[in-house]
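Please see the structure below; I have some questions.
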Amino acid sequence: MLAYMIRRVFQSVIVLLVVGLVAFSMFRFVGDPVDNMLGQERTQADIERLREQLGLDENFVVQYWRFLEQAVQGNFGLSYRQGRPVADILVERLPATLELALVSGLIALIGGIALGIFTAIRKRGIAANLIMTGSLIGVSLPTFLIGIVLIYVFSVELGWLPSFGRGEVTDLGWWTTGFLTVSGLKALILPAITLGLYQMTLIMRLVRTEMLEVLRMDYIRFARARGIRQRSIHFRHALKNTLVPVITITGLQLGSIIAFAIITETVFQWPGVGLLFINAVQFVDIPVMAAYLMMISVMFVGINLIVDMLYFAIDPRLRVDRKGGH
Amino acid sequence: MNKIIDVSNLNRIFDVSKPWLNRVIERKEKAYLAAVSDVSFGIEENSVYALVGESGSGKSTIGKMIVGLLSPSSGSVEINGVDLMREMDKVKVDTVRSDIQMIFQDPYASLNPRWKVRNIIAEPVAARGGDTKGLAEKLLEQVGLSAGDADRFPHEFSGGQRQRICIARALASGPKIIVCDEPTSALDVSVQAQVLNLMSDLRDELGLTYLFISHDLTVVQHMADKIGVLYLGRLVEEAPRETLFANPKHPYTQMLFDAAPRMDSFGREIPPPQGEIPDAINPPSGCAFHPRCPMATEVCRREIPALRDISGARVACHLAE
Amino acid sequence: MTKTPVLSVRDLIVEIPTRRGVLRPVDRVSYDIHSGQILGVVGESGAGKSMTGNAVIGLLDRPARITSGEILLSGEPIHQLQGEPLRRLRGKRMGMIFQDPLTSLNPLLTVGEQLTETIQEHLGLSNADARNRAIAALEEVGIPAARQRIDSYPHEFSGGMRQRVVIALALCAEPELIIADEPTTALDVSVQAQIIALLKRLCRERGVAVMLVTHDMGVIAEAADRVAVMYAGRLAELGAVRDVVMSPSHPYTAGLMASTPLASIGQKRLRQIPGSMPRLGALPDGCAFHPRCERATDQCKTGGSPTIASGGGRAACIHPLPAAKSEVTQ
Amino acid sequence: MSDISTKPPSRMRSIWDSDLAYSFRRSPVALVSALVVLVLVLCAVFAAFLAPHDPFNPATLNLMNGFTPPNTNNAFTGDYFVLGTDDQGRDVLSTILYGMRISLFVGFAAVLLAMILGVFLGLLAGYAGGWTDTVIMRVADVQLTFPAILVAMLIFGIAKGITPPEYRDQMAIWVLVLAIGLSDWVQFARVVRGATLVEKNKEYVQAAKLIGRSPLAIMIKHILPNVLNPVLVIATISLALAIIAEATLSFLGVGAPPTKPSLGTLIRIGQEFMFSGEWWILFFPAATLLALALSINLLGDWLRDALNPRLR
Amino acid sequence: ETLRWARAGDSLTLDPHAQNEGPTHTLAHQIYEPLIIRDMTGAFQAALATDWAPKEGDPNVWVFNLRQGVTYHDGADFTAEDVVFSINRAKTEDSDMKELLTSIVDVVAVDDYTVEIVTDGPNPILPSNLTNLFMMDKTWAEANNTVEVQDVEGGEMTFATTNTNGTGPYKLVSREPDVRTVLAANDAYWGVGEFPLEVSEIIYTPIQNAATRVAALLSGEVDFIQDVPVQDLGRVANTDGLVVKTAPQNRVIFFGLNMGSADIVNDDVEGANPLADVRVRQAMSMAINRDAIKQVVMRGQSQPAGMIAPPFVNGWTAEMDGSTQTDIDAAKALMADAGYADGFSIQLDCPNDRYINDEAICQATVGMLAQIGITVNLDAKPKAQHFPLITNDQTDFYMLGWGVPTYDSEYIFNFLVHTRGEERGSWNGTGYSNADVDAMIQSLASETDLDVRNATIQSIWDEVQAETMYIPIHHQVLNWGMTDAVGIDVSPEDDPKFKFFSMN
C-alpha cells in the first residue's frame, strides 16, 4: 500500500513535471515575453536587461528548472491583466469554483448513482427507459445552451433564481463561502445543475452498465440462491462491486467538472477560476493560463490519488500483495 | 529408436517479485516461482509422451518451452538434435520450428473469431509465403469436416469441431511433432472420444509424435506410450504406460490414482487425499510432496530426491524401491 | 418408497422464446430425490442439466421460464412461487452450489459477512449467535482455524477451501435440498476427491437431498445413489447408479459410458458416438438421439420415445438395450 | 480447384441474418435514430444541392434580409425564407445544412483521428506491455489531466499563433479536428489496451506466435479485429461528443469562423437573440444539433447493448 | 440607496494613471476626481478646480484655482502640492496618460490652492486633456511607496493598484477584479448638497456574457447596465419597471487600411498593395451599405458616419459626415480602373468584445465587399489580441473605434493621422505619412488663433477624406438599461458618474 502510494505520487510528480513543461513552454513560445512586457518604446538595451532579468539568456533546462522552483513556491509571477500575483488571484477565485464543483459533483454523484441503480434494477421498466433516453438529451446539447435556457426559464421568466454571480458570500479567513447565506445557496442552484447535469448523465450510465454486469456475476446468483433480500443484493452486494470501476471514471469526471466550469462560469458570471482562465485567454495573460493549468493538474492528480486510496478502502483484493504491474 | 525431442535439465523460473519499491519498503526478498525445475526426458519418434500432474505443476510451461513460446531459464530443448535456443543457423531453426506445432486446451479461444476457417488453417503456410490453394479444404477433410466449412467462421462450429479445426491448422505446415496441451479437457466425453481417435489415426497416418499434456489419468492411460508425472515443477516419476499403471512407485502417483474417480467405484469410501498443492513460490523443503505424503520421513524433509531408475521406471522418491 | 421425496419434479418443461422459435432446454423431465440421497445428473454440455437445477431453485434467467410441469419440495408445489415467498425458500430450504468457487463468493465481503447475512436472513439470530453459527458451519466443512479465518476475504483462501466455504454458505441455514452444479469441475483431482467426500458426509449426516450435476461419469459413479442421464433437454435414462453404469438401457447412456477412456483400456481406439448433440434450435423429430444411434429405426425418427421401466429406473427409448451387463468391466 | 460443396449464405444475407441486424430491426429506437442520422448526414453531404441559398458565399448575402421570421417574406426585399434568416441575412435552413456539414466533418475527422491514434497506442501498450505500456499510459494520464476543452483551447491558441493568417479560415476547421481528436484518444487507447490485454493471452494469439508471425502482424491482423466492437461503440458516442465539443468551443470563441458557421457557431450566434424574440435563429440550429447528437447517442447506446451479449 | 451596476468589462487597475481606458476611468471617477469633469451631458464642470483660465499675459500658462476644504478619504487635505504631484506622476514613463500631457512642461504650485500649468506653447484645449486626470494625495502615495505609476505592461503591481485614496463621492469598500466591487458614499464629500448623491452604495459586477447581463436586468438582480445588446433594447424597454435610455456616443467606428506599404502580407496580390490605390479604398467605402448595417446589425442604434470624428468634436462637419453613399456599380468601376476588376482577397482583423456588435459589422462588411469582388477573410478575436495588431503594424485591414475625450480633432489627428512616431501616431496603423499634414498637426498644439486653428483642422480633414484613409462606418449610440427608479441620462462618454444619479 505504502509502496503503491509512493509510486503513484512519483508518477503524479512526473505528470506535473510534464504539465509544467507545457505551461513553461507557453511562456517561452506563445508570444515573446519580452514583447509582452516591454511597451512599444523599447530599446535594445531594455530588451537585453529584461532578458537577463528574466533569465531568458540561460539555457532551456535551467530556465525550466527555475520556473519549477518558482511554481513549487506558488509563484507564477504577476498577472498581465490584473498586475497582481497570480497565486493571490487563484486563491481568491478558487473557493467559488471549488464550491460550485463540489455541489455539482455531489449532484452528479448522488443523482448519477441513484438513477444508475434505479435504471439498472428496473432495467425494463418504462420509467427507467424514459430516464435513459431523457438523460441523453442532457449530453446532446452544449452546456452553455442549457445554462442559458435555465437562466431564461428560471431567472427571466419565473424570476425564481438569480442569473449570475455567487450571491452574498461570507468570509471565513481566506475562504469565501456562499453556503451560509440564502442568496448564496440560491445562486448555486442553476450553475450547479448546469455543470452537474452532464457528469450526472455519464455517471448514471456508467453505474447502470457496471451494475448490470455485476448483477450477472455468479456471486449475485449465489446470493440469490441463498435467499438474500433484493435490497441487500442490490445495495450491499452489487453496489459495492459496481463502485470499484465506477470510482476511476467518476474521479476523472469530477476532475473535468473543474475544467468544464469554464463554460458554466462564463455563462453565469461565476467568479471562479474558470472565468479567470477565459479572461486570461482573452487577454493573453500567460502567467494566469500557466498557473491555471498547473492548478488543474495538481487537482487532477490529487483526485486521482484519492481515488486510488478509495480503491484500497473498498477492494480488499488490492490490500494484499498483487503480482507485478501497478 | 531415436529421440526426436530431448529435454535436459530444463528449468523455468518466473520472477514474481513485487516491484522494487514494495520490496524496499516491506523489506522483502525477490520472489521467484520455479515453474519447472530440473526436468529431463526424451520423446521417441512416433510415440506419445504424456505429462500429467495437477494444476500448476508446470505442464503447460514445459510445453511452451518445447515449442519455443517461452525460453528456458536454463537447460535445453533439442529437437532433432537442434537446440532452438542456441542454434544460430536461421534456416535450421526455421525448419525445426515448422516441424513442431501445438494444439491448445480451449477450442473457443484458439481460433480467431474474426477469421474464416480457411484463413485460420492456411495461416501457418501463408505466413511463410507458401502456396495455400486448396490446403484448407484438404486438411478439413482429413480431420473429418467438409471442405465447404472453409468459408465459415469459428462460431458456427461446436467445440469438438473447433478442436478438429485446430488440429487441421496444426497439420498445415506438415509438422512431425505436435504438443497437445489438454486438447480434450474442455470437451464432452463423447466428443473427446472422437478427437482422441482422430489424433490416434493421424499419428498412424502421418507418423506424428505427440507430447500430450493432461491432468486426466484415464485419457493419458489411453493415449500415452510413456508418462511423466509432474509435481510442483519436478518430474517425480516417469515410466512406460503399463509399468506406471500396474505399479505406480511414487506416493504422489499413487495418491493421484486413488483420488481419481472411477466408473466402477460405486459408493467408494476411502479417505480422500490430505492437503492441497503447496504454494509454488515457497515450496516445502526436501521432497515437495512430503507434507502430504503418508510415508514421509526425516530425509524427505531435508533432501530433494533425485530421479532414480527403478525397475523400468524413473522415480524421484527416497523411499521407493 | 412411501415417504414424500424431498424434491419431486414432474414433467418439467422450460422454454426459451428466441427469434428463431421457442427452445426447450428442459423437456418433460421428471425425477424424485429423497432425503439423504444423491441424485447424479449427467449429460453432455448443453443437455439441460444446469437449466433443470436453476428451474428448481427458481433462478432461471429471462427469457427462460417454466411453462409446464411441477416442482414439489417435500410435497409443496414451488414452481409457481415468485418474489418474496420464493426468496424465503431459497437458502432456508434449498441451497445451491456453483461450479466456480472463486466467482461464487462476493470478493468485497468477508466470508463471515456473507455467512452471517445468510444465517440472519433465515434464522433470525442475533449477531453473536449468527457468528458462532457461521464458525460452526465453517468447521463443519473442514476449514481449519475457522474462528480466525472467518474474517478473511474469499481471495485469501485456496481453491479447495473456497469451495468448502461455498458449501458452508449453501448449508448454513440447514436446507433440505442442495443443488450442486458441477461443484468439482474447476478443481484438481485430489481436491475434487475431498469435496466429494465432504458432500457425501454432509448428505449422510444431515439427511440432505442432493442433486449433483456433473458430466464426469466417475464422479457420479463414486458419489451418486441414483443417476439421471440427460440428452438434449430430455431425460434419457434414470435409475440406480450401478444399473445405469453397468447395464444401461438407453443406447445413448451406453455410448456415453463406453466412450470414456476407462471403458476401452487396452483398445487402440475409443468407442465413439458419431456426430454431436444437436443444437436446441435444430432438434430432430422423434427421438433426439436417433441420428447418432446405431439402433435407430424409422419409428425413432417420428414417434416420441416411450418411457420404459428398466431395472429400478426408467429409460426413454423405443429400442432399449437388453438389460445385460454392459461392456464396462473392472 | 473450384471448390465448396455447400455454399455458405451470401454476404448480404448473412449480414441481414446476423444478431446485430436482427436486434437493429427489432429496436424502434435504433431504427428511428439511424434514420434521423442518415437523413441528416445526407442533407449535410448534399447541402450544396438541397440548400436554397449558399450562405458561405458572402457575395450572395443581402444584409437587408436579416431577421426575417420563418415562413414570411422579408419586409424590405420581399425574399421568402422557410426557416427565416439570421442577423446577417443568411437563410437559416441553408446555413443549418452547410453548418451541419462542418459539424459533421469536424466530428467524423476528429473521431477518426482519435480512433486511429488511440487504437494504435492502445494496441501497442497492451501488446508490448512493460515500459512501452507504462509510458503510453502515463502519457494518457497527462492527457487526461488536460480536459478536452482545455486541450482544444491550447491547441487552438498555438495553431492560431503559428499559422499564416491567410490560412486561418481553413485552419480553424483542422485545428478543431486536431484539438478534439487529440483530447479524445485516451479513452480509445484505454479500452483497446484493456481488450488487448485480454486477447493477447488467448490461445489464438499464442498459435499465431507459434507460427512465427511478427508482433505487428499479430497486433493488426489478429488482435485488432477482435477489439473493434468496443471501439465502434466509443466512436459513435465520441462522435456525438465531438459535435457538442465543437459547439462548446464555438461558444468560447475558438470554433469555426462566423463566416463559415458550424451548428455550434450558429447556436452561439442564435443565443444572443433569445431574449429579443428572434427565436428561430437559436431554435432551428439547436433542434438540429439535438436531433443529430441525440440520434447518434441513441445509436451508440443501442450498439453498446447489442454488442455486449452479457447485457441482453 | 444601493445601486447594482453591471457592464461587460471591469476596470483594469485602480491606479488612476496606469491605463487610459473607458471602464477603468469610469470606476476611478467615482473614487478619484480630476480638476475638471464633464457632466452627464459632456459639458465642463468644476471639480477639484473651481475655475481656470489662461494666465493673463502668458498664453503658455494656465492658472487653476483649487477648491478649498476638500479632503481625501483618509482625511488628508487636498492642496496644490497634490496637483503638482499627480500631473508629474501622470507624465512619467509608465503612465498611460502621458500622451495627453505632452504639451505640459511644468506644473507650479503658486500657493496652497493655486496651480499654474506651463505648456510648451499656447494650448487652448488643455482643460479638455485634464478631465480624466485624477488627483492623488502626495503624502499617501509617498507613505505607501506608490509614487511610481504601476507598470501594467511590465506586470507590475503597486499599492495603488488595489488601494485607493481619492477625494471622490464614493469610497472603495471591497474589490475583487472581474468579480465585484463595492463602493460606499463618502459622507465627507465636498459636493454634499450640491449633487443628488442619492446612491449611497454601489455594487459593481462585470458580466461578460450579454445574455446573462440582460437576464440580470430583466430578473431585477441589477438596477443599471451599460452595454445593452441592441437586439434586447426592445425587450428591456417593454419590461415593466425597466427603461432604456439612449444617446449618441462620442465614438466612431471605422476600418483602417494599410495604404503605406509597398506590398502587404495578408492578401493574394503579389508585389503590389491594392490598398495603396485610393480608388480601391474609395470603392471599398462605396461598397459598404451603412444604412443596412444601421438597420439590421445595429437595429437603428447607430448613426452612419462619413468621417471618423463624432459630432461632438471640434472640426466635425455635417457635409463630411454625410458624404458617403452606397454605389456598387461605381465601386466596381473604380475597382476596374484600379486594375482589380476581378478583385483580390485580404484579411480583416476585427475585435469581438469591444464595440457594439463589432463582429457582426465585420461580417456584414465581408458580404458587402464580396459584391465588388473582394474576398475578405475575417479574423475576429478578443480586444486584447486585436489592438496590439494595430499598434504593432501587424494588420492591413482592421476595425477600430475612437472616442474623443478632448472633443477636439487634434486628438484624432495625433493618434490616427500623424505619421507613426515616438510622440504621435501610435494608433495610426495605415502607414499613411505626409510631412505636410504632420506639420499641420503639430502646429495645432500651439496655435492660439482659433480661426486659424480651425482652418488647419479643416484642411487636414480634407486631406484625410480625399485619401479615404479610413472607412468610417457609424457613430455608436449608447444604451443604458435601468430600473425606472434610476434617474439619469446617458452621457456621451459612456461614463456614468453616480453622484449625478437620482433614485426614486
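Here the chain labels run A, B, C, D and E in written order, and each chain numbers its own residues starting at 1.
In this section, contacts are C-beta pairs under 8 Å (C-beta built on N, C-alpha and C of every residue); 3 or more make two chains touch, one makes a residue touch a chain.
Being a predicted model, the structure only gives us computed values, none of them experimental.
Visitor: Which is the least count of steps on a path of touching chains running from chain A to chain C?
Guide: 1
Visitor: Between A-E and A-B, which chain pair shares more contacting C-beta pairs?
Guide: Higher C-beta contact count between the two pairs: A-E.
Visitor: Quick one: report the Å distance separating chain B from chain C, using the average Cα coordinate of each chain.
Guide: 31
Visitor: Report, in whole Å, the distance between the mean C-alpha point of chain C and the mean C-alpha point of chain D.
Guide: Roughly 51 Å separates the two chain centres.
Visitor: Please work out the Cα centroid separation of chain D and chain E, and write it as a whole number of Å.
Guide: Measuring from centre to centre gives 45 Å for this pair.
Visitor: Taking the mean of the CA coordinates per chain, how far is chain B from chain D in Å?
Guide: Chain centres of chain B and chain D, defined by C-alpha means, are spaced 50 Å apart.
Visitor: Chain C: which residues touch two or more other chains?
Guide: none
Visitor: Could you say which residues in chain E touch two or more other chains, in rising order?
Guide: Within chain E, the residues that touch at least two other chains are 211, 215, 218, 382.
Visitor: Can you tell me which positions in chain C touch chain B when the two form their complex?
Guide: Per the stated touch rule, the residues are 44-45, 158-161, 188-194, 196-197, 200, 215-219, 221-223, 241-242, 245, 255-257, 259-265, 268-274, 276-277, 328-330.
Visitor: Mind listing the chain B positions that touch chain D in their complex?
Guide: 67-69, 94, 97, 101-102, 104-106, 109-115, 123-124, 127-128, 133-134, 137, 146-148, 150-152, 166, 169, 173
Visitor: Report the residues of chain D in contact with chain B in the complex, numbered from low to high.
Guide: 1, 3-8, 202-204, 206-213, 217, 222, 225-226
Visitor: Using the touch definition up top, name the residues of chain A that touch chain E in the complex.
Guide: 36-41, 77-85, 89, 92-93, 148, 151-152, 155-156, 159, 162-165, 266-269, 271, 275-276, 279, 281-284, 287
Visitor: Contact residues on chain A for chain D in the complex?
Guide: Residues 11, 14-15, 18-19, 22, 26, 29-31, 132-133, 136-137, 139-145, 148, 152, 156, 209, 212-213, 216, 252, 255-256, 259-260, 262-263, 266, 278, 281-282, 293, 296-297, 300-301, 304, 326.
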